[in-house]
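Below: the structure, in structure tokens.
Order of writing sets the labels: A, B, C and D. Residues in every chain begin at 1.
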Amino acid sequence: MAETQAQSGRQAEGAFGAYVKNVRDSAKSFWEGMSVTLSYMFRKPITSQYPDRMSVSVNHTIPARYRGFLEVDMDICTACQACERACPIQVINIDILKGDGKLVPKLRMERFDIDIGKCMYCGLCVEPCPTGAIQHTREFEGAVMHFNNLTLRFVPDVLQPVVAYKPPKGADAFPRKQLGEITRSLIKAWDAPPPPFPSKEEAAKAEHGKPKAGALDVAAMGRQLAARALQVKEDKPKLQKVIEEAMAGTDCGDCGYPDCFGYSDAIAQGKDFSSEKCAPGGADSKAMLETILVTLKTGVVPGPGAGEVSDGSAGGHHKNMVSPEGVSPVSTEVEKPTGPPLAQTLSKDELYKVVLDAMAGTDCGDCEYADCDGYSKGIVYEGQTDLNRCAPGGEDTRVKLYEIMLGTKPPAK
Amino acid sequence: MQGFLDNLIRNAGHDPATWPYTQFVYLAGMAVAALIVINFAAIASGIFSWAERRVAARIQSRVGPNRVGPAGFLQWIADAVKLLLKEDLVPDEADQFLFRIAPYFMMVGFCCVFVTLPFSHSLIVADMNIGVFYIIAVTALIVVGIIMSGWSSNSKWSLFGAIRSAAQIISYEIPGGMALMIPVMLAGTMSTQGIIRAQGGLPWQWFLFDNPAAFAAFFIYFTSALAEGNRTPFDLPEAESELVSGYNTEYSGMRFSYFFLVEWGNLWVMSALAVTMFLGGWQIPGLSPERFDALTGGTAVVAEIGSLLIFALKTLFFVFVVMWLRWTLPRIRIDQMMSMCWKYLVPASFAGVLFVAVWMLIVNAAPWLGLAMRFTLTAVGALTIAMFALRVLKNIRDTGDKFDFTSNW
Amino acid sequence: MTFEEIQQRLAAKFGERIGALAPANKDPFLVVAAGDLVEICRFAKEDAELAFDCLMNLSSVDWPKKNQIEVVYHLWSYSKRHAFVLKVLLDRAQPQVASIESVWKSADWLEREQFDLMGVQFEGHPDLRRIMMPDDWVGNPLRKDYAEQPQWHNITTTRDNSLEGYVRLDELKKKAAEAAAAAAPKKEVLQ
Amino acid sequence: MSKPLEIPTMDMENKEVLRRIEITGDMLLNMGPQHPSTHGVINFLVQTDGEVMKRAIPEVGYLHRSLEKIGERCTYNGYMPYTDRVDYIAAMFANQGWAMAVERLLGLQVPKRAEYCRVIACELNRISSHLISVGTMAMDVGAVTPFPYALREREFINDLLEELCGARLTYNYLRIGGVAFDLPSGYEDKVSTFLDHFEKILDEFNRLITYNEIFIKRLAHLAPIPAPMAIDYCLVGPNLRASGVNFDVRKALPYSVYPEFDFDVPLGKGEVGTPGDSWDRFWCRVEEMRQSCRILRQALAQMPKDPAIMGKVPRKIKVPEGTEAYSRIESARGDMQYYVVAGSGENAHRVKIRTGSFTAMGIIDALSRGLMIADLVALIASLDVVAPEIDR
């Protein structure tokens, strides 16, 4: 062992030499060590005696950027749900009620809960918020009577939903309450026993998910907007306003454009054809935009035909966002346009975009092409006639492809 | 104490030798003395546990318990009451009988030592003429208690702790015992009071500075006393980082408080013995024992209290040193502990005894040499203490802190 | 030595069994047949020129679409200060490859981890058993089609979401409000 | 000095064999998973004959949260808080590893000031991580006081990092393409006052424990790892450099702005025992703290003025599927490596994090033959393994 080599080195000095050396080394190092520890007896201890014997109260010692409990100032919250999408562990839960903007306000928040017990204080939700409504306060004292109390409810009463804030154009500073005020008031409720939660069975009896009064009828509004868009087809700015009404109007920038105006203007100018880029709008704005696009192309507003798939409650409780896998669910499908198929009316590039848009977008390669891009190029440019190859898209894509390319219903599989 | 009881009986008008009930009086006297001594041991260990937590905290730059009572002084009462109220469970596979009786063995071993430990000029339970021998013999009982507790807890870790502690205490009794032979040889008697009387009040009259071997013997005794008390750097039996808490892991509640009491009480025993043997015990500087005996009335009481205070102060200083050592040094490994005992301490203590035997002959022949040695050794002692104090102040300044003993208690 | 030089040196030694260097867009890698992996690794280690004395990283990637599991070996040479990447493509149903624990000792634990999480069998491994999951765990977590078993020794692996209680509370409140509204009909006013 | 005993090796294929065979004379000890000195939840199946061990088989996986599977579900920026949890004592390095891997995927250029902020945060975090490792090693050997001293210094660093990025342990300070915040005002002189104070404390720490005779007796000649064995078992960081291998990723494969700083790499020389023993590993960490102070001073001095702290990053990061990236950084526990394969959507297809502690555990079984239990505790502490980093 390597150690014997050191050992033999010592033997050379002689056992007595090692004996004395050991004793001397021990004495010297004890002397050093003991003098250090005794010197600490005569110094001021560093610890401060939280919570009551502190020289200065603990809240002032915390730096400004400290990430404590979250706080949402509902007055400046635009209900764009950017924070909900940014949170890696889905701690923020927002329920939105849609309205048509006249009788009922366009966006109302029925529920804005943050499960502080599960939050990991990473700060990713604060960054995308356009108006800085959601911030980290410097509160950290989280002792609570019961785990379920740890949810901060920023919409106090579910019967009075909060109207979403419409930030004035170009405003960059937003009036907000004193940071920590709202959270401190909510924290006071933590010492109370949690509300008696009804058992799962009772809730089932309460007919979960019945459509609520005052909700928006997506299909009807879609047709209304499409008709108005047809009239102002040439006047681009007016057309842009109509298209923007179909969007959530939260300027959150998730569509890749700086704000809703940018996205709607791109559609109005014909530069962009996709209808599902408005994340906060979700399935509703996707359906309305599709109706408008189809109407602009065919020049005919689709009537409330028999084939309309009733989409159950619009804006009900289920998550109204596009499901995360990116595969668009079977959304409300407008009835078949009667005009000539888009294949004749659109240029090759526009048609390629619409065809690509109709596919599932999973690049799975089941259609023997490398990815969806290849398959749509094949259909548009290389005259590929087999429109049934998109397996993940399934029936939904098949119907669309036939309708776009041939304007007819696909033969029964 | 027996003389004291005899006077009592004579004042009451009986002759102790013939009076039939003297034995009962002796028994009552012993009971009272035992009560006093055990209570003193319990309270002392409680206070030392609080003191150790405060000293440890201050050394580690934190504050320590300061909420219960003034400066946290009543903390140990709170701990004791908590320990008494806690449920002391017995693991079901444990050896029931041995598990329950082990703490009492340790308690007996620990309390018997107080019989011959002096407290002041006349305050001693029984000044036996074989005092030192008795002390060394009785401490062996603690080992039995430890092994019993370790074995009966039926846990591998406790067994480790017990075997380690057995090896340690037994092997360190030999150098400890030999080191204590030196003051016995110098004083010519084994009775603790006698040894104190053989020294003087002033430092150069202590056995510590009597000759280099006695000086070394003090450190040898102190190291082996540390090992016998399972104190750092020898706290292998209850090494927190390896065996969680060694032999007393499975104990809780009242039984655990006995282990607790013995461990901290041992501090007093260790330091008191060191002070008695090497540092002149309760001797008041400038007052020789003979004149001390001759004192009567008020001055006797004052002198008595004085001697008590001096003894207590010296002992408390060494208690502080033991605590201070605990929070500075790491723990040595079991094989190093054994090699240190048998290769370093035992040979040194034997050599010391031979040296003192020769030294006493020389001093008889040339007494001035003895005096010269005493003065030089005292000077050396004083010099090291002064250098150490300067070194401590330098440490404080080195890291840019200030000398501050008063704030943030 | 750069990746190309290493590849040429291996090709010089092993002839046609060494394919071309497939350039991923950042670090090129060399796809090797599972059979002669150990031979190549031993040569890479012992050859004075290559001197790959350390298996830096051993990971596996699951491609359900290509029905393949790629086992990726990142080699590193402390003396020559150069790296290299070997890949072995295995069939997804029966991933089987020889263990290179005899060549580099660090492969011992890295292979055990891939066996545990991806289900790759390493023949010749001295102690091939699960490292992260309990010994009687079913399935390999890192596979794309992995479904977690609901409980293990009746300890449930899923926790119910504490928010559901609040959702049920809201619904009851809303139902009560609707019942009240239905009982006393009044015009719906825009807030 | 005790010479480790030559123990006849018993041929044991795996744990089940250990449990089933009737071990005559040897004791099967379960050290862990709740044990005060296994640095997190790790279990050691120790086969001992009295105090001397024949074999110590480590059992890990108690803290396995499958961070690699989570990597496949999160977006690239959303995964950043999870990388904090890979090694929460040196979280900044895990952030930097992940950020560099994704930046290699995207081929992104990080502005200079952001690189400087990253180096400052990382070096502060290296000091605090080494303080924990050095403090716990002293406590495992029995000296309790150095641990609170180390923690006290670490508190100052926690406060500095809390002021910089808002959290004390799991920072989530880095973003793909840059950093989340710039240095707060007056930050430079706060750090330099800390560094002046800290270097004096480091000398005092050395006087208290590093050169303490009992400490040296406990650690010198303990489990010396020769250089070829260290390389074969893929030890990294201070464990590798203590065995004399001069390899530090910051110097060998310079990344970020490290080439602009002048610092040297401490190597184990066997000052008090054989080269590569536990004492050398301890000493290497203490010296590295000193070097980190030097880097910090230079970084603060050469801080670029251009205020940009974030590169041009698309809002939704999408990378063509199948592209791979490999990043290596010098974490506090050595060469932490990320192997990222991009997925089709916004998240990665596969994330593999190779950490220093994982391979360090592999060597314990080979080293533990003939050691004592107290030595096993000291060996684990000297390898500075941390349970979350092993199990991920």
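The criterion applied here is as follows: a residue touches a chain if its C-beta (ideal position, glycine included) is under 8 Å from a C-beta of that chain, and two chains touch if they have at least 3 such contacts.
It should be emphasised that the depicted structure is a prediction, and the values quoted were computed from it without experimental measurement.
S.K.: Could you tell me which chain's Cα centre is nearest to the average position of every protein Cα atom shown?
M.R.: So the chain nearest the centre of the shown protein is D.
S.K.: So which one's got more C-beta contacts, A-B or C-D?
M.R.: Here the pair linked by more C-beta pairs in contact is C-D.
S.K.: Would you kindly tell me how far, in whole Å, the mean C-alpha position of chain B lies from that of chain A?
M.R.: 70
S.K.: Could you give the separation in Å between the centres of chain C and chain D, each centre being the mean of its C-alpha atoms?
M.R.: 23
S.K.: In whole angstrom, what separates the CA-based centres of chain B and chain C?
M.R.: 63
S.K.: Between chain A and chain C, what is the gap in Å from one C-alpha centre to the other?
M.R.: Averaging C-alpha atoms per chain gives centres 28 Å apart.
S.K.: Of all the residues in chain D, which ones touch at least 2 other chains?
M.R.: 145, 152, 204, 208-209, 212, 214
S.K.: Which parts of chain A, given as residue numbers and ranges, touch two or more other chains?
M.R.: Residues 22, 30, 33, 36-37, 46 of chain A touch two or more partner chains.
S.K.: Select the category (line, ring, star, complete, other) that matches the graph of chains linked by touching.
M.R.: Looks like something else, not a line, ring, star or complete graph.
S.K.: What are all the chain pairs that meet the touch criterion?
M.R.: A-B, A-C, A-D, B-D, C-D
S.K.: For the complex, give me every residue of chain B touching chain D.
M.R.: 56, 59-62, 156, 160, 232-233, 235-236, 239-242, 244, 327-336, 339, 395, 398-400
S.K.: With touch defined as at the start, can you tell me which chain B residues reach chain A in the complex?
M.R.: Listed in rising order, the residues are 55, 57-63, 324-325, 327-329, 343-344, 388, 391-393, 395-396, 401-405, 407-408.
S.K.: Residues of chain C touching chain D in their complex?
M.R.: It is residues 24-27, 29, 53-57, 59, 61-62, 72, 74, 78, 81, 85, 104-106, 108-110, 113, 117, 126-127, 129-134, 141-142 of chain C that touch chain D.
S.K.: Taking the touch rule as given, give the residues of chain A at its contact with chain B in the complex, in rising order.
M.R.: Residues in contact with chain B: 19, 22-23, 30-31, 33-47, 49.
S.K.: Taking the complex as given, what residues does chain D use to touch chain C?
M.R.: Going through chain D, the ones touching chain C are 13-15, 60-61, 64, 66, 68-69, 104-105, 228-229, 231-234, 245, 247, 252-253, 320, 322-326, 335, 337, 339, 341, 349-350, 352, 354, 358-359, 361-363, 366, 391.
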